[in-house]
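When the chains are written out, they are named A, B, C and D in that same order, and each has its own residue count from 1.
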Amino acid sequence: MHNFPQHLLDGHASFMSGRYVRERERIRELSEIGQSPSTLVIACCDSRASPEMIFDAGPGEIFVLRNVANLVPPYQPDGGQHGTSAAIEFAVKALEISNVVVMGHGRCGGIHAALSPEASPLDQGDFIGKWMSLLGALPEQLGHNELMTPAERQTALERISIRNSIRNLRTFPYVADLENQGKLAIHGAWFDISTGELWVMDDKGDFIRPQITLEH
Amino acid sequence: MHNFPQHLLDGHASFMSGRYVRERERIRELSEIGQSPSTLVIACCDSRASPEMIFDAGPGEIFVLRNVANLVPPYQPDGGQHGTSAAIEFAVKALEISNVVVMGHGRCGGIHAALSPEASPLDQGDFIGKWMSLLGALPEQLGHNELMTPAERQTALERISIRNSIRNLRTFPYVADLENQGKLAIHGAWFDISTGELWVMDDKGDFIRPQITLEH
Amino acid sequence: MHNFPQHLLDGHASFMSGRYVRERERIRELSEIGQSPSTLVIACCDSRASPEMIFDAGPGEIFVLRNVANLVPPYQPDGGQHGTSAAIEFAVKALEISNVVVMGHGRCGGIHAALSPEASPLDQGDFIGKWMSLLGALPEQLGHNELMTPAERQTALERISIRNSIRNLRTFPYVADLENQGKLAIHGAWFDISTGELWVMDDKGDFIRPQITLEH
Amino acid sequence: MHNFPQHLLDGHASFMSGRYVRERERIRELSEIGQSPSTLVIACCDSRASPEMIFDAGPGEIFVLRNVANLVPPYQPDGGQHGTSAAIEFAVKALEISNVVVMGHGRCGGIHAALSPEASPLDQGDFIGKWMSLLGALPEQLGHNELMTPAERQTALERISIRNSIRNLRTFPYVADLENQGKLAIHGAWFDISTGELWVMDDKGDFIRPQITLEH
């Protein structure tokens, strides 16, 4: 009848006998009254960087957009079918979320492709190259000198790209308006897929590790 | 310095002291050798329908694309910046995944907007309306007669949309080629956000509940 | 008789009644048989980055050279009075140490002066500017574009400078010889003065955080 | 990935779980607001004579320059890269410290080399011999007669060298100016590596043991 991947069926069985049992009330209530997440997380598709894992988030907690390299395009109301912009619009205007988090991560394949277009197996790709062109001239501006190691350059571009996406996010008129009114806060974050650590962006655009308090 | 949402910081502290400790070796190994997920899941941004929750998926297991209403556009190599197509290309060509799952879910806000454009607060939206126009004439074809209740019509369109996305997916030449060669399998699924149940699409396009085996 | 700083006299009294009492035997033995540290640490003068604090090092454990920004000049046997080169020579040839660690740190004032010579109160200085000129064109090569924040550029140059010092260290013929013979290992490290964390340089020149094992 | 010395990793783990935990607030504050040590200590690289140990100094307390035999060269603005002079300039002009301590110690290897150039394994050294030549004719002037034992001659030259360095320090115009204005005090000290005792220089240039008060 179907050849659905067994690892997913097994995982779903585990969900049903575990979390679903424990959180049944909350899940059913969310189904009845609808979702009202306070935060939109814009994250990467990478299998190692699930926002729900990183934030140990429960059902109903975060609205999650995931594309390659967690990019936000600038506001372009040109009649095209912009999936990322649609998700932002839905979160901000329909769900009235209070926070947007643009979350990048280490060893991002999209950023890697942007840094080494000539070496990438994706160079003939129709879509990845175009999609990463949202970074514009940033990879070239970062430079290709030998001062920084490849890993350092990659991390630098991952963070530069987050700041770029946040700039683009502010070109959405309603995002800028709500932020100016103090009703919407925009955040940057970078996840270290190796150590598990989260770095959050401060006022100056730098990424710092917040104090983790375990007593909550 | 930063005003990062406290619920996310708390969740991350919980991750660090819980799952990260338990799965440290696996997480570090994934960081070193790179991801090699076997499955791409195309899901909705909805805060109640996280694929990692539904499939109890661990780090490295699934590559996850999330947009509003889990839509796949047709193959359009027109030079535009198509985020969904870029993620599909990356998963299929760079990561060489073996399965694609298009997973819809109940009470989907995007599908609801497509069904009732006149009633939606999103009707003036620039992006949501355009994005949902990927469904083409399907909402009208479903009809507005009183034969089906609103809930039945919503569930119907959620499943029609999944089959539509799977048709679009097969317009990508490399997707069709790999499927024909038996190297890539395409699946549909629908998640009931109230009961937690997963319905998978069978050969005829119907959605059925697979037998759940709890002993795994 | 003397106006010796009281905070140092107080500190010395604390040493005499504390550590000296506990480690008297070791201290006296070191005095009798002479020092034989296994490691030379080349560190900065910064009051927040004492190697003995960072490594909780006891008497006799590390031979410590400290100058502004922990720089190593290239091998220049020109008859000048090179204090840093003299210390390296003493450690490697007389003490026959097995490890050299070049340790930089965050928010380094010397590196800051090298990055912003025009803004620095040291611009008329006779010696700081000359000393930091050991970095050559590296600050300019790093670039002054706005892609990286000032803090990111500072961290980048701190690490570039460590790699540069290690290159210079290998221009000392006996250092290169001993390293080739496997008798001397050269290491890089970077200390985060805020979090207390140590980052060590790996084979590729990247700085990573080693696993801390507390059971030793 | 790295072969960083284990004794240092162990020491750092000890620091992180000990002192860092106890002094976290102070350390973080120093990182935020910058260092403002009141005292520059010019000390020897010797592994048995760490100023932080001798003065039980905490983070941010002392700015520490360490070279072989704690020498200060005379003011030579000749365009050379003078590391010691750069550190003095940085401490006095940028940090505006109030005290300079030139601290020698017993059984100093550099002083020993200066006293017995013919017996030293360093006599062919390119840098140690040149560096110790900062003492000029002082070793010869001390004489090689049999009146003083070798140990007495060594201690004598250690103290003669401290007074010589202090003379050289006063050839820096801004040092002399600030001292004359009463804004900067210059001190000598000598540490007995065997007994742990500190001897401080009085007005006449003699080294005396200050009264130690233990109740602090």
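Just so it is clear, a contact is a pair of C-beta atoms (placed from the backbone, for glycine too) under 8 Å apart; a residue touches a chain by one contact, two chains touch by 3 or more.
Computed from a predicted structure; not experimentally measured.
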{"item": "Shared chain contacts [subunit B and subunit D, defined touch]", "value": "none"}
{"item": "Most remote chain, CA-based centroid, reference being subunit A", "value": "D"}
{"item": "Classification of the subunit C:subunit D interface as same or different, half of numbers criterion", "value": "same"}
{"item": "Separation of mean Cα positions, subunit C and subunit A [Å, integer]", "value": "39"}
{"item": "Between subunit D and subunit C, distance of the C-alpha-averaged centres to the nearest whole Å", "value": "15"}
{"item": "Distance between the centres, which are taken as Cα means, of subunit D and subunit A, whole angstrom", "value": "52"}
{"item": "Of all residues in subunit D, the ones touching two or more other chains", "value": "none"}
{"item": "Contact graph of the chains (line, ring, star, complete, other)", "value": "line"}
{"item": "Pairwise chain contacts under the document criterion", "value": "A-B, A-C, C-D"}
{"item": "Residue ranges of subunit D in contact with subunit C within the complex", "value": "1-5, 7-20, 24, 27-28, 30-32, 34-35, 37-39, 45-48, 50, 52-57, 59-68, 71, 73, 77, 79-91, 93-94, 99, 101, 106-107, 109-110, 113, 121-122, 125-128, 130-134, 185, 187, 189, 193-194, 196-198, 200-203, 208, 210, 212-214, 216"}
{"item": "Residues of subunit A that touch subunit C when the two form their complex", "value": "138, 141-143, 145, 147-152, 156, 159-160, 195, 204-206, 209"}
